[in-house]
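The structure appears below as C-alpha cells.
In order of appearance the chains are A, B, C and D, and numbering begins at 1 in each one.
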Amino acid sequence: MRLANKTCAMEEAVAHIGDGTTVMLGGFGVPGTPFALIHEVVRQGPKDLTIIKNDANEKGMGVDHLLAAGLVRKLIVTHIGLNARAIEMMNAGEIEVEFCAQGMLAERVRAGGAGLMGFVTDIGVGTELADGKPRIEIDGHAGVLETALRADVALIHAARADTFGNLAYEATARNFSPLMAMAADRVIAEAEEIVPLGGIAPNAVHTAGPFVDHVVELGELSGEYGVVRRA
Amino acid sequence: MALSDARNRMVARAAREIEPGMVVNLGIGLPTKVVDHLASDFPVCLHTENGLTGIGPTLPYDEANRNLIDAGGAYISTVKGSAFFDSAVSFSLVRSGRLDLTMLGAFEVAQNGDLANWKIPGKFSPGAGGGIELAQKARRVVVLTTHTDRAGNPKLLETCSLPLTAPGCVNRIFTDMAVVDVEAGRFHLRELAGGVSLEDVVKATGAEMVIPDGDLPRF
Amino acid sequence: MRLANKTCAMEEAVAHIGDGTTVMLGGFGVPGTPFALIHEVVRQGPKDLTIIKNDANEKGMGVDHLLAAGLVRKLIVTHIGLNARAIEMMNAGEIEVEFCAQGMLAERVRAGGAGLMGFVTDIGVGTELADGKPRIEIDGHAGVLETALRADVALIHAARADTFGNLAYEATARNFSPLMAMAADRVIAEAEEIVPLGGIAPNAVHTAGPFVDHVVELGELSGEYGVVRRA
Amino acid sequence: MALSDARNRMVARAAREIEPGMVVNLGIGLPTKVVDHLASDFPVCLHTENGLTGIGPTLPYDEANRNLIDAGGAYISTVKGSAFFDSAVSFSLVRSGRLDLTMLGAFEVAQNGDLANWKIPGKFSPGAGGGIELAQKARRVVVLTTHTDRAGNPKLLETCSLPLTAPGCVNRIFTDMAVVDVEAGRFHLRELAGGVSLEDVVKATGAEMVIPDGDLPRF
C-alpha cells in the first residue's frame, strides 16, 4: 500500500470555486490566512461567495481583496473590527454579516467536520446572541441549539504538507485551520513547504491527509505573510 | 488462520472492490484478510478507528510496537505518510464522508440494506464498538459473510430479526457463493462463485433476488 | 512568568478518588491504558466507581483488576467482548453497563471537555441505540440528542509529560486520552518519561498543560504495558 | 502608550489579583498591561484564545515571529512549557472551567454582574470575538475600566442599557477610582484609589454601593 499524490497547480485547485460557493478560510489575523489562494480566487473571480472566517483581515489584505473585488455576498465571522471596508459594506447593506462568538464559530465548524448536526450550549443564554435559536433544556439547564457549519471548499495555509495532504501548522497559525480542513467537501491546502511522504512524523501531523483533497506549494512568500508593522 | 478456498476467493473478489486512492476501513475478521490481496504498491489509505490512517503490514510478535494496534488488537505498522489522531478525529473522518469504503461482517442483511452484526439478544451483546458509525456513514458499505450461518440458515433476508447496526446501509454483499447488490429495496444477483449453481444460491438466500438474463460472471 | 510544577507522588494523586467517584480511563485495549494508576486505585480500594473507558481490557489486565476487586458499580463503554468477567458480571447484574457507539463515546467525552451540554447526531437513528434519546430535527433531518459526559477524575497514560502537564502520546495509544484529559475535574497523568519545561516542542504537545492537574512518573514499565502474545 | 498615573495604579492593583498557579486570559487593551506588573518568575500561565498557553514577553517588530500573535494582534513570545492548539481546544479550555481568571474591559457593568463590552447598537458592532465565552465561563471575571466614560457618565450602573456580553458574570471591578465587588446583586466598595474621596466615588457611580464602616484600604 502507498498513499496517493495530491499535489496540484493552484489555478486548477481554485477552479473548483464557482459562483455561489461557500468557502471557509483558515487564519486568525495574519497567521494562517491563505493569502496566495485568496489572490487566485480574486483572479478567477467567482461571485456571490459566502465566506466563513474568524475575521475579515485588515484593509488591503486577505479577505479584504475579496470584498474589494465585489465577490462576497455574506460573511460568517466573529469580529471584523480591523477592516473598515467590511464594516462600511455591512452598514451599507452591500454584504450580509453573521456574527458568531469565537468559540461558537470554532465549534460549529468542528461539528460540521465531525459529521454532527449541531450541539447544545449555554453560551449566549441571557443575551441577544441566543435570539432566534431553539431552546433546549438538559437536566434542568437552559441551552440553545447551535447548528453545524460546512462549506463547499476550505482554503488552508500550512507550514508543511506532504504529498498525501498531511499538514503541520506553525504556532498560532493553527487556529481554525484543522477544524475547517475537516468541514468542507473539498479542501485545498497551500503549503510553505511540501515534503515527501514520511517527512512529517505520524505523531506530529496536525491534519491527517484523508481530509485534504489538493496540496499546492507556495513559492516565495509575499509581503502579506510577513510581520505587520504597526504605529 | 487458513481460509477455505471458497472464502479465499470471496476475499480476493472483495479486494477488487477497492479503487485506487480510496480511504478504506476493513472490519475485524474476514475483511481484514482483504489486504493480503492488494499489490504492495496499490494506492490506498487504510484507516483504523482507534486512530491511524496509513496502516502498513501486520507485524509478528517479535517486531510488534506495543503502542501500535488496529481496532481488532492486531499489531500493525505504518507506511510513509501515516498519521495518528485521537478517537474523536478518527470518527469525524468516518462521519463527515471521508471514508470511501468499509467492509464489514454480518449476522443478517436485509433486502433494503439493513445490517445486523453486533448483537444477539440474550446471547451476545458485548457492545457495538465502532461498527455503528462505519456502517451508517462510510460512503460505500460492503459486507463479507458466508452466505448461510453454521446451521445452513440464510443470512440474506427479507427483513432482519436481530437489532440493527444501521438501517439501509449495505450497498453490496460478498459471500462464498455470490456477489449481491442492494438496490431500490431488493437484492440483485451480480456474480456467482466458481462451482456454485444459480439454484444453490437461490435456495440459500432468504429473500427473492433480481436475477439478470444470461450467464453471470464467475469469481 | 514561569509555569507551575505539577509532579506528584502516585499515592497522593490517586487519593483524590473516593467512593462513588466517576473515573475516565484512557486507552483502547492495551495502548494508552494507565495500568499503574489502575493498580494504585485497586490498592487504595475506593468503592462504587463509575468507569468510563472504551473497553474493559482483557482478563487480568487494567479495568479487570477493578472488576475483580469489586470496586465498580457501572461501566460506560463501547465494547467489552474481550473480557469474559465483565460480560459475566453484567449478565449477573453485578455491574451496570451502558454501551455507546465508539464515536459517540468519543464525542460525548469531548463535549464534556469542551464545556458543551450535548450534541445532535443522526448516528443510531433507526436502531435501538436511539431508544430513549430525545429526538431533535434540524432542517428536516432527524437526529437524537446525545449528552455530554464528564468525570470527577481522569487517569491518563502519556509517553512523555513535562512538569507543567503538557502531554505527548505515542502512536495509537493516543485514542481517548486527549478527550478525557479535557473532560474531568481532576486529571492525573502517568508518564513514561517526565521532561523539563521546554522538553516537548509547543507544536508537538497533544494535551496542553492547563488541562492536567497531576503528573506522575512511571518507573520501569510492568508487563501489562508490553506486547500481548496471542495464540 | 503611556498610562496616566491613576490608570497605572489601577493596573498595578489588578495585577495583585493574579494568584500563583493560575491560568489567566488578559483581554485586549488595559488588561494586557497587567502583565507588566508581574515578576518575571511569577508562576502563572497566560492563555490567548487564538491558540496558546504560556505567553511570554511581547516582542518588538525586528524580533517578531510572523506566526505568533495574541488575540489582539500583538507579537508575543513563548515560555518554556508553552503549548499551541486549535481554536476549538482553546475555547474548550475556557468553557470547561480550566481558565481561572479573565480580565476584561467594559462599556457598562450592572450591580448584578451583567457586563456589556462588545456592541453599541447603531454605532459599534464589529462582532464579539472571544469575549462572550471569556466573560461567561472564566472561573473569575474581573473588569478593568475607567470609573466613568469620557463624558463623565458612570459605567457602574443599576442595569446595563447596552446589549450584554454575558449576564451576571462580573466578580470584581478595578477602576481608576476604586475596587468594587459584585455580590448578591449589589456593588460593594472595597478599596479607594489614592487621592480619591468616598464622595467622589459615590457621585461617579450609577448605582447604590454597600460601603463598609471605617477606613477603606487605598491602592
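Here is the rule we go by: a contact is a pair of C-beta atoms (placed from the backbone, for glycine too) under 8 Å apart; a residue touches a chain by one contact, two chains touch by 3 or more.
Predicted model, so just to flag it, every value in this text is computed and none were measured.
Using mean Cα coordinates as chain centres, the one most removed from subunit A is B. Distance between chain centres (mean CA atoms), subunit B to subunit C: 29 Å.
The distance from the centre of subunit B to the centre of subunit D, each centre being the mean of the chain's C-alpha atoms, comes to 56 Å. Chain geometry summary: the mean Cα position of subunit C and that of subunit D are 35 Å apart. Looking at subunit C, one finds that residues 107, 114-116, 121-122, 169-171, 202-203, 206 touch two or more other chains.
Chain contacts: subunit D has residues 52, 84-85, 88, 91-92, 94-95, 137 touching two or more partner chains. Contacts between chains form some other arrangement here, matching none of path, ring, star or all-to-all. Here, these are the chain pairs in contact: A-B, A-C, A-D, B-C, C-D. Residues 107, 111, 114-122, 136, 138-139, 141, 143, 145, 147, 168-171, 202-204, 206 of subunit C are the ones that touch subunit A when the two sit in their complex.
Residues of subunit B that touch subunit C in their complex: 48-52, 61, 64-71, 73, 75, 84-88, 90-92, 94-95, 125-133, 136-137, 163-168. Residues 28-32, 54, 77-82, 87, 97, 99, 101-107, 109-110, 121-124, 126-129, 159, 169-179, 206, 225-230 of subunit C are the ones that touch subunit B when the two sit in their complex. For subunit B in complex with subunit A, the touching residues are 20-21, 23, 35, 38, 40-47, 52-56, 78-85, 88-89, 91-99, 137. For subunit A in complex with subunit B, the residues that touch the partner chain are 1-4, 112-116, 162-164, 166, 182-183, 185, 196-198, 200, 202-203, 205, 208-211.
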